[in-house]
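What follows are several structures.
Here come two complexes built around chain A, the first alongside chain B, the second alongside chain C.
Up next is the complex of A and B:
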């Protein structure tokens, strides 16, 4: 028998979670859970928690509640345009009406559509838990530490992800924000690969650059060492450095061939998109 | 009076749109059992032993030994209903376990252990050496043509699988009437009398002891031509053994892994050209993957060979085709039935030759078009008007093809590059060869009830293509009674005569004509308030060159439908992805019986054809179909196309009702080469293989 729980607040959900631990399954929109027929003795439906549906800004962060669906976020002007564009390309309207960004993170698929952009923005996952005295506590984990592998996340058995935080500095003031999902068709497609590039050109120099690739490994690929090498480069010298940058990424990109695409294609298109991003960095 | 082509509400519209239509999966018969298959896990092996778990009461295991004649009849009968000694491909049925609880049935299947002794397996067309069947034909003197050629151009094309992707998976409910010794089968199907014959053959019954009933069918596209015969025998075997009705419903992954698909093919062409570039001789050597058992392959192959020279007049020909046996899933019927492979090859070859000669693809084609009165490749004749000139004129008007072609031929720069491609093609109407006359001998009945309603009794099925509506329109129009007064139900072989299978774009043209004739006769004797009946039978009295399959000579079709596609797109040079900018289709289907239905046929057919040419990639990997879900097997969505421009040219055919000819398959046949041509112009490269995926476009396979 499966018991369904419909908590109305995060605290109530955390109480159930603390009790049922790994015997329970958290469901928000359900779009990932349903297709794999996943279940557990206790299923905790979080979509009835109104308190998880919010988008708010602090001085430093944009905070997106775990209950926000893609469709809601696409229409929310507080959300950075690059993330909204990314969500517009996810699946179909029906999925976008129930699926959530936090769900996309917790599903930890190598092909998660929002992940390259969130990695590039240094998103932080907020995991809520309850201590022994019934007091709510929060852990804040950088997304690249939270996602450990395919379907593996750093979430403890008494925790629920309540929000994702995006540093405002990762998009405000950036001069170029670019995202490309490469799928086999224009809707209802799992990414063969995806690319996110964000950068800030200031006084003729690259002040900040973030580059992330999806669907090319077990998790999103982001190479801070190469980014640091690029940072500080005068735009006028980028052309001369381009071959070296592409060669360095070529060395670390190791996609596989599978039923959706080939290793050669994935790698070639990743480098094509990166080169295009670098070529147009001043646009 | 309004023209027959003015659209009406489809006969099945309300039932389907309101969700009231009941499919095979909705059937619940008293005592009905669920079932699940134990299938081969290896491509080729001897079955050494089968270790069954202990079956609880009420559960049954069904195998080949439960069937009087364990052979499934479909043209040939090599394929066993259940593999007993040897498995020939991954997914071949070994056992069916049935019982009252679905989960338990699945668990029992999972617990069944089959011990194999593996044998060498042929898991690709390239490595296949065993010829399942073959045909060839010759015309003129090819050797002289090649000896005297100014230039010879040789190219080899490859085409992949295509999955029908009907929305309703294969399903059947078998019943065994013990008292009468009668097999009864309900299911999703295109050809009730094929299933009927297969049941007679496997269970050694006469025709009065088999009853087959078509249920509402959610799409077929050829995929439900032969496979339901196999599934029907399996369901009846289970019903006969258990004494209960038994339901079989394939799940999607199972359906995509084990049911028939479009034959992958390798098509090698050599063209001899004279000084002006005219093709003086053509050699085509075509290999197809038959799969483990040939099934419909012989007929598919015939159509491929008949389409091998396209819409062109070429005097010297050597055309040869061989179907190769592999240890892969059987291939069978899919809308177009062998023609899409050939038209992809010949149309692409024409483009490549034109490009090499530095002339436009259209003007190069214009040097070769067939016209009325010309001989066909097999010594038959194009008896009727060939409307290619009007079709080109219409296509130019709609798509501005020639201007765009010239514009995109200039050097392009930037991330996105444009291209436009055209294809011209035909579809031989009706069954290939002499089958209508010699084997099918279609019969149907119009039954008028005392209340003056008229029922059409025919074995043709409506699988969404609109046949109930078009048949009814023909009867109503001739009888001059309201369309609502015509009754047409799903066929039940206990009630309807054999008017043939619903395949080969034959039903409307062949059986529609019988309805027209029957209605004319009924009208002549019409007495209000009286029950009356007219039976009509197919007869052939037209002028023709008789078809001889041994010599592969003569008229293989009574007439042809003609089509032209134009595809315009832009390619993203970074990703190899394309955006369609324009899609056009101009068709001659004789006369359109219902404009809305025909528009739907055209829109859907073109998109299936573009899918075949672009994204519908399916491969067997170590003998196993790798893309066996809608997540991994990509069919285009509405987002992937644009509003297509469709036009029809009237070209009345006297042996079709109201001048109509075959229409259903034609619309798919030419889209892939038009797509390929557009990509070639955009990318500046020649390609030899479909689906032309972005991986292939970027040479990064």
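Up next is the complex of A and C:
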């Protein structure tokens, strides 16, 4: 029998984690953990920590507590529409009642559905830990630094992710926000590929553009160099630049073939979705 | 030991906290309403309500229902809502082999609790985590539509 822990506060959970370290497993909704039958001598069940169930706004950030399920976030109007739409397409009602965004991030699957949108929004992961004197410390890690590879994350053995923060400037005032998941069915489908694009047009120019692709590699693909090249372009000149932009992405997109899809299909559809997004900006 | 409320009774499970809720319900408490189809959260045959929300018991660790209220088909059987759903499923011809039906009924109940008068689209969405290998779904959708109409005020 495993030793189960039911901390009621983050501090209590951090104290247990600091003691048990990598001998312990963290479980929130359990929708990933249970499928792969992950276990450890000590299991820390986080879902009774009421203090991790919150959505709040500061001047700069929207902060989503680690305990928030998809179903709760879909109903929360503070959460950006593009993220809520993305979550509506995840799995099924029963999974959305237990699955969490933070679980999705920490699971670090290349097909994690919230990841492209979170990358495009420059989301920041908040990792909390307890030092040797029992003092709580927090690290803030940009999502593209936090996710290191397939199921690999930058989380230390005494840490728990307490929240994810989304800069409000990454979605407020944006003129075009678009997300597409390509799967075999409407429900219960792991993405063959997915696309997130966010753009701000100001005074006839592209002031800000973010483009992310999911399920095409070990982690989400976002190319800041190409985005920077596009930024500043007058919308009237975008049509003329389109072929060059698509060619640049074609060079960096190297998806794999697996049981869900082929390399050729993935690449083609990624580029089609990108082209469609660019066309929509021009309109 | 994990305590929770099961079909209206406060109970204690002796099983390990990381056991699947499905195994606790079937193995320890003899409740066979929840069935095992896929065992991976994909088919909904093991559906139960936890604090009124639809859960797949095959991927819910026992620990995650500690202090909560779990309702299986057995605990819901004597309600007016159940009787109406049962009649509508029968009248619509929505049952063939029957294996998916307990899960379908739980998912219908969870949906109607949230949305008493769902559109067809909302019904399809509400049942999207429940697979049926026999009926082709349309009769099941009809049954839920029928229940929502006839059960005006029940949910």
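We adopt the following convention: the second predicted complex is superposed on the first by the 280 of 283 C-alpha atoms of A that agree within 3 Å, B and C clash if a C-alpha of one lies under 4 Å from a C-alpha of the other, contacts with A are read in each partner's own complex, and residues count from 1 in each chain.
The definition used in the following text is that a residue touches a chain if its C-beta (ideal position, glycine included) is under 8 Å from a C-beta of that chain, and two chains touch if they have at least 3 such contacts.
Bear in mind the structure is a predicted one, so any value in this text is a computation, not a measurement.
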{"item": "Larger contact residue set on chain A - chain B or chain C", "value": "C"}
{"item": "Partner chain in contact with A:8 - chain B first, chain C second, else both or neither", "value": "neither"}
{"item": "First, second, both or neither for A:138, with chain B first and chain C second", "value": "neither"}
{"item": "First (chain B), second (chain C), both or neither touched by A:251", "value": "neither"}
{"item": "Partner chain(s) touched by A:237 [first = chain B, second = chain C, both, neither]", "value": "neither"}
{"item": "Partner chain in contact with A:273 - chain B first, chain C second, else both or neither", "value": "first"}
{"item": "First, second, both or neither for A:56, with chain B first and chain C second", "value": "neither"}
{"item": "First, second, both or neither for A:187, with chain B first and chain C second", "value": "both"}
{"item": "First, second, both or neither for A:265, with chain B first and chain C second", "value": "first"}
{"item": "Overlap of chain C and chain B interfaces on chain A (superposed complexes)", "value": "186-188"}
{"item": "Contact footprint of chain A on chain B as seen in their complex", "value": "415, 574-577, 615, 617, 621, 626-627, 631-632, 634, 636-637, 639-640, 693-695, 698, 700-701"}
{"item": "Residues of chain A that touch chain B when the two form their complex", "value": "180, 182, 184-190, 259-262, 264-265, 267-269, 272-273, 276"}
{"item": "Interface residues, chain C side, partner chain A - complex", "value": "2, 16-18, 20, 40-42, 44, 47, 50, 53-56, 58-61, 63-64, 66-67, 107, 110-111, 125-126, 128-130"}
{"item": "Footprint of chain C on chain A - complex, ascending", "value": "1-2, 4, 6, 27, 29-31, 33-35, 39, 43, 45, 47-48, 71, 91-95, 97-98, 186-188"}
